[in-house]
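Shared between the two complexes below is chain A, which pairs with chain B and chain C, respectively.
Up next is the complex of A and B:
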C-alpha cells in the first residue's frame, strides 16, 4: 500500500473517532448535575435571569437538537462560547494551546537530549559506575512528585540564587517595555522572528524550570526504556560483527544500535507528550504558566461544558495525529513493519 | 508544523538545555549592539492575584474581576471602609437625595469628569450605563430591580423613579453592576462590545486604563493622565495584575519583592510573614460568613429543640483558634462583623454538650439515634473540617453526621430539589451584592415559592414583614431599618434556623514601602491603586 493512501485512510478513520468522542463528551457533560444557564448569568442568578439565559443558550430545546446545533457550529470551526467567561473558546485556545505546546515541546526535547544519551551510555557501561548513577537518576526522576520538584527548583533557582524567574512566560519588564508581537503564539519563535532579542532571552529563562520539571518523568522513562532495549540490541550478532570489524564505539552505539532501540522509546515519549497537553496542570499552576491544563481544570470544576468538550476534542485530534506519525516513523526506522 | 520550524524549535531547546546545564546567569543578558536603552524605571505596582478574571465587561463583572474593574471605572457613590463616621462618600455624584419614602432619588454629578475616550461624564452617560446593565440582564443587574425609570433632568442631574422604596445610594455603591461608562465608547463597538472589553479594553472614567491583557495570565493598567482627581508624585504609573494560582509562589513573590500586594496565603505562614520588616499583613473584617442552613421542613430538624441542641454541639472557639488559626470571629447572627445591621447583642450559641443533651431529651431524642446529612463544596478545606469536627462532637450525642462534599453545582441542585429529599444541613459562604443586611436576611431566610438560596426552607411571615419593612426604610431612615434588621435576626437566632459558624477575616500581604493601603470589605480584595504610593 502506498503511504499517502494509508495516511488518507487513517485520517478518515480519525474523523469518525473525533465524531464519536464529540457525541460521548457532549452527552456526559450534559448529564452531570449542573445548571449552565445559572453559571452563564453569574454567582447569584435570579430565577428570571436563569430563565432568560436558558432560552438564549438554547438549553430549553431537547438534548439531541442541542447536539445537532453544536455539531453544525463545530463543522464551521466554531467551538462555542465558554459558559463561565462568555468568551469564544477558539479565542481562548489561541492563547492557551501554544503556551502548553511550547512548554511540552521544550520539555520533550529535554527528555530526548538528556534521557536517550544517558540510556545509551548506561547500557554500554552496564553495571559500572555510570550505569548505577543513571539508573538512580531514572528512578528518582520517575518517582519525584512534580509539584514538589517544581517548588524545590523555585526555592533554589529563584529563592536562593535568583538565577531564574519564579514563573510566567515572560517578565513584567518584557510586557511593559519589549512587548512580544504574537505571530505563532510560541514566544520563543515569535521573539526570534521579530528579532526581539531581550524578549527571546527572557522567554528562554522562563521556560527552563517548568519545562525541566515537566520533563523529569519523561527523562526517567526514556533512560529506562533506552537502556533496557539497548542492552538487548547490544547482544545482537550484527553488533558483535561491527565490533569485530573494528568500527568506532560511538558509531556502534549511536548509529547502529540506537536506531533499533529507538522505537519503544519514541512510543513512550509520544504518549507522554499527548498526556502532558492536559496533564501538565500541576506544573502550569506552580509556574503560573497560562496553559491548557489550568484552563480545562477550571472548566471541569465549573462544569463549563463547551470548554470541556472543546479541549477533549483537541486532545483527541492530537492523539490520533501523534499515533499516525508514530506509525510512520516506525516504518521508516524498521523495514520489517508493513503498512496495512 | 513544518519540518523546518520543528528543527528550529529543537535547536532552540538544545540551546535551552545547554544554558541550564552550564548554569550561566541568564537574568542579566548582555546588551546587544545597537539595542535601544531600556526606558527609565517607572513606578509600577504588582498585584499577585490568585484567580483569573472571568469577565471584565462592566455590565457583567460579578466575580474576582472586580479587582481590575474597580480601578478602571467609578460608581456614583462609594461605600466607606468600616470605622468611618459616614457609611458612604461621593463618587461620580457629588451629592444625592431622596424623597421621604425613598422612591425617588436624585444624583448631582461631578463636573469636569472625562472618560478614557475623551468624552465628558453627563447624566445621559449615567442613564445609558445603568440601562445597558439592566437590559443585558447578566451578573448583578438584578440589584437595579427597584428602578422604574431613569430621567435626565439636566446635564449633571439624573433622577431615578422607583417601583418600591429602596436604598438606591447603597445600590449605586455596589462593586458589581454599578459602574458608569462612556456611551460613545461602547456604541462604537456595537454588538461586539462585550467581546471587545474582554480582549483588553475599557470605557471607564477611573484613574487607570487597560494597557495590555494576556488572558488568564497578566493584565497591565496604566495611569489616565486626564483623571479628574489629578495625580501626585509617588502614585503608581502602572499596575500589573499577575495571575498566580499557587499560594506558596505568591508568598515567595511578596517576600522577594517581585509582587507588592497579594492575598489568600497559607494561614499558618501569615504571622511569620508579618514579622518580616519588608512585608505588612493587614487583617480586617470581611463582609462574609460561613453558615450551615438547617432544613426546617424535614424531621428531626423541623423541631426547634433539636436545632438548638446541635447549635450547642459545635466547638466555635476551639475551631477558630486551631483550624483557622484565629483568622475568623464567631458570628453574632447572620450579618457579619463590621457591616451595618451587625449587633454584638445578639445571642451566640456556645459549645455546651450538657445543654445539648438536655434539649435533645426534651425533644424526645435522649440518646440521639438519628442521622443527618451535611453538604458542602468539595474543594473547600475549611468547610470540610467544620463537618469533621462537628461530626465528632455530634457522635458524642448519638447523632450520626454524614459530611458530603460535592461540586457547588451538585450541592445547589440537591438544595433546590424537594426539601423532604434534600440535605439536612447546607454549609456555604455568603457575601453581599450591595452592602445591606437585606442581602443576607432576604436571600437565605425570606419565604421562597421556588427555592433559590433559602436552602434551609425557612418561612416566617412575621420575620419577612420585619426585613421587608427594614429594606423599605434603608434608604430613608437607616437607623430604624437597622433596628428592624436586628430584631429580625433575633428571631433567626432564637429559632436556630442556621448555624452561624464564623465571620471571615480578610488578610492582605502588602510590601512595607507601599503607603496608603486600607482594606475595604465592601469591595472584596479590590486594591484601589490610586490611593497608594511608593
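Up next is the complex of A and C:
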C-alpha cells in the first residue's frame, strides 16, 4: 500500500463526510423556527421588504433547489454572506481563522513542551516528590475555570508586573507605526517574513497569556496521558534490556520509551486542538482576541445560519484532516501499524 | 586455579512489599571464571533472575541489595559510583533475556538499537558503529547483516531476535554474559542453535556465561559447572558431571528424579512434595527441611553452610556433616 494512495483515498472519503455535514447543517438551519428574511432586512421591517428579501435570498424556492444553489456556491469557494452584517463570510473567515489558528497552535506547542516532559519525568519518578507535584499541576490545570485563570493572569502579568499586555493581537502603537503586512494572517509568521522585529516582539508578548490560558487544559491532559502510558512502557522488558546495555536514563526515557508512548498523547492533543478552534470563546473574550469562537458565538445568538454552517464546515474539514494526520503519524511512529 | 572474573559473596536481596519483607536472596555466593559457563538452576521464584539482574545492578524496585559483595576483577561493584557501574553494563558485563521479542524495542530498527549501544560504549561515528554492528551480527551467524540492520524486531523470527540480542550484548567487548533463560521462549531446534552459539562464543572469545535456566537438559549440554538455587540460597554447586553423577543434596536429587524419562514410561512422574517456602517467612534452619524426606532435628534449627565434599563439589546439607551457616 502506497502512502499517497492511502492519503488520496482518505481525502475522497473526507469529501463525502464534508458533503454529509453540509446537508445535515443546511436542513437543520431551515427547520429551526426563525426567519432569515426578517433578519436580513433589519429591525421593524415592512411585510413588503420581507417578501422582497425572501425572493432575493431564494427562500421562496423549494428546499432542495436552495440546497443545490448553496452547494454550487460552496464548490466555487463561496460560503455566502452573513445575514446579519451582509459581509461575505469568506472575508470574515480570512480575518478570524488565522487569529484562532495562531492562538491554538501556540497553545498546543506549550502543551507539548510543558506537558510531555512533565509526564515523562512524572512516570520516571513515580510516587516521588516530582510525580506528586506534576500530578497536582495536572489536576489543577484541568479543573481551573478558564475565565478565572485568564483574569488572574491578567491581574498578575498586566496589573501587577506590567510584563505583558492585557489583550488584543497587537498594540495600537504597532498598528500605527509598524503596520503588519498580511501574508498568511499569522502575525508571528508575517512579521518574521517581513523582518518587522518590533511587531514580531509585540505579537509574541500578546499571544503568551491567551495561549497559555487556552493551553492549561491541554497541558493537564498531556501530563496525565503521557504519564500513564509511560508508566506502562517503562515496565516493558526492552527498557530493562536498555538499562542492561548501559544506556543513559535520559536516552531511555526521552527516546526509547517516549516513542512507544506518544500515540495516545498525540491523539488527545489533536482532539483538543480541533475543539479549541471554536471552544476558545472564553479566552477570546477575556483577551479580546478576534477569533473564530467569538465570531460563531455571535452568529449563534443572531441565528445567522450561513455563518454557523460555514464555521461548522471549516471545523469538519479540520477534524477530518487532523484524523488523517494522526493516522499517518501513528504509522510513522510504530512500524507494526499497517495502512489498510 | 585462575582468578574468578565475577565473585559473588553472601549476596542478599530483599523486596519490601506491603505484606512485609520478602527474602529473595539469602546469601548467595559463587564464582564465575574466565571462559566458563556456569549454570544457575532452580524452580520459578527461587531467585535465579534476581541474581542475574543483581550482577548488573538492576534489581527492580521495591527490591534492593541489602548485603554482600559482587566483585568484578576484584572490584566491588556495589560500592562503585553509579556512573562507573553503568559504563560496565553493556560494556564488560552484558545480559540477554528470556523473550527476545519483548527485549527488543519494537519501534526502532535493529541497526538503530545496536548503534545506540555501540556509540554509548565506544567513541565512534554513525558509519563506524554501523559497520561494527554488521560485523558482530555476522559473528553470531546472521546472514546478510546489512539487511538485518534495516529491519524492525517484529520482522525477525525468535531465533534471529535472540541472535540480535546476543550480538548487541557482545558488540562492546563483553567479558561476562548473563543469559536469563535465553532459550525458554524458542523452538527446540532453535534452542539447540542458540546454545551451540553460546558454547562457541565461550570457546572462541573466552566469554564467561552465567546461564540461568530451569532446564536441566540445557545445563547438561552446555554448562561446565552448575549451581542449584533453592529459595534464594545455593544448596549445591559443582562440575556438571559431578552434579549429574554424584548428586548430593536431597533437593537436587528431587529435581533430577522429576525429569521425565522414557525408561520410566507408565510410572507416575516423581515430584518434590510441598511448595517453595514463603519468602515472607522463610523456615528456620535448612530452607529445604519442610520438603526434605531426610530432615532431622538439626535441619530444623541450623542452616547448613556450603561445604566442599569432593573436588570443586560443594553442598549445603547436614547429611554431609560440617558446621552451621550463620
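Everything that follows uses one rule, which is that the second predicted complex is superposed on the first by the 340 of 340 C-alpha atoms of A that agree within 3 Å, B and C clash if a C-alpha of one lies under 4 Å from a C-alpha of the other, contacts with A are read in each partner's own complex, and residues count from 1 in each chain.
Please note the rule applied: a residue touches a chain if its C-beta (ideal position, glycine included) is under 8 Å from a C-beta of that chain, and two chains touch if they have at least 3 such contacts.
What you see is a predicted model, and the numbers here were worked out from it, not measured in a lab.
Superimposing the complexes on chain A yields a three-chain arrangement in which chain B and chain C fit side by side.
When the shared chain is aligned, no partner comes close enough to touch A:19: not chain B, not chain C. Legend: residue contacts after superposition of the two complexes on their common chain; A:256 is shown touching chain C, with no touch to chain B. In the superposed model, A:236 lies in contact with chain C only, and not with chain B.
Contacts of A:333 after superposition on the shared chain: chain C is touched, whereas chain B is not. In the superposition on chain A, contact of A:244 is made with chain C only, not with chain B. Judged by the touch definition given at the top, the superposed model places A:301 against chain B, while chain C stays out of reach. When the two complexes are superposed, the chain touching more residues of chain A, out of chain B and chain C, is B.
For the three-chain overlay built from the shared chain A, the minimum Cα spacing from chain B to chain C equals 23 Å. Interface of chain A with chain C (complex): residues 236-238, 240-248, 251, 255-256, 259-260, 333-336.
Listed in rising order, the residues of chain C touching chain A in the complex are 53, 56, 58, 60, 86-91, 94-95, 97, 99, 102-108, 116-117, 120-121, 152, 154, 165, 168-169. If you check the complex, the residues on chain B that touch chain A are 5, 8-10, 12-17, 19-20, 23, 25-27, 29, 32, 35, 38-39, 42, 44, 46, 52, 54-55, 57, 60, 62-63, 137-142, 194-195, 198, 212, 214-218, 220, 238, 240, 242-246, 248-249, 252-253, 256, 258, 379, 407, 409-410, 412-414, 433, 443, 450, 452-453. Taken together, the chain A residues at the contact with chain B in this complex read 32-35, 38-44, 46-49, 52, 84-88, 92, 95-96, 105-106, 109-110, 113-114, 151, 154-155, 158-159, 162-169, 172-173, 175-177, 179, 186, 188-189, 192, 197-198, 201-202, 204-205, 207-208, 211-212, 285-288, 290, 294-295, 298, 301-303.
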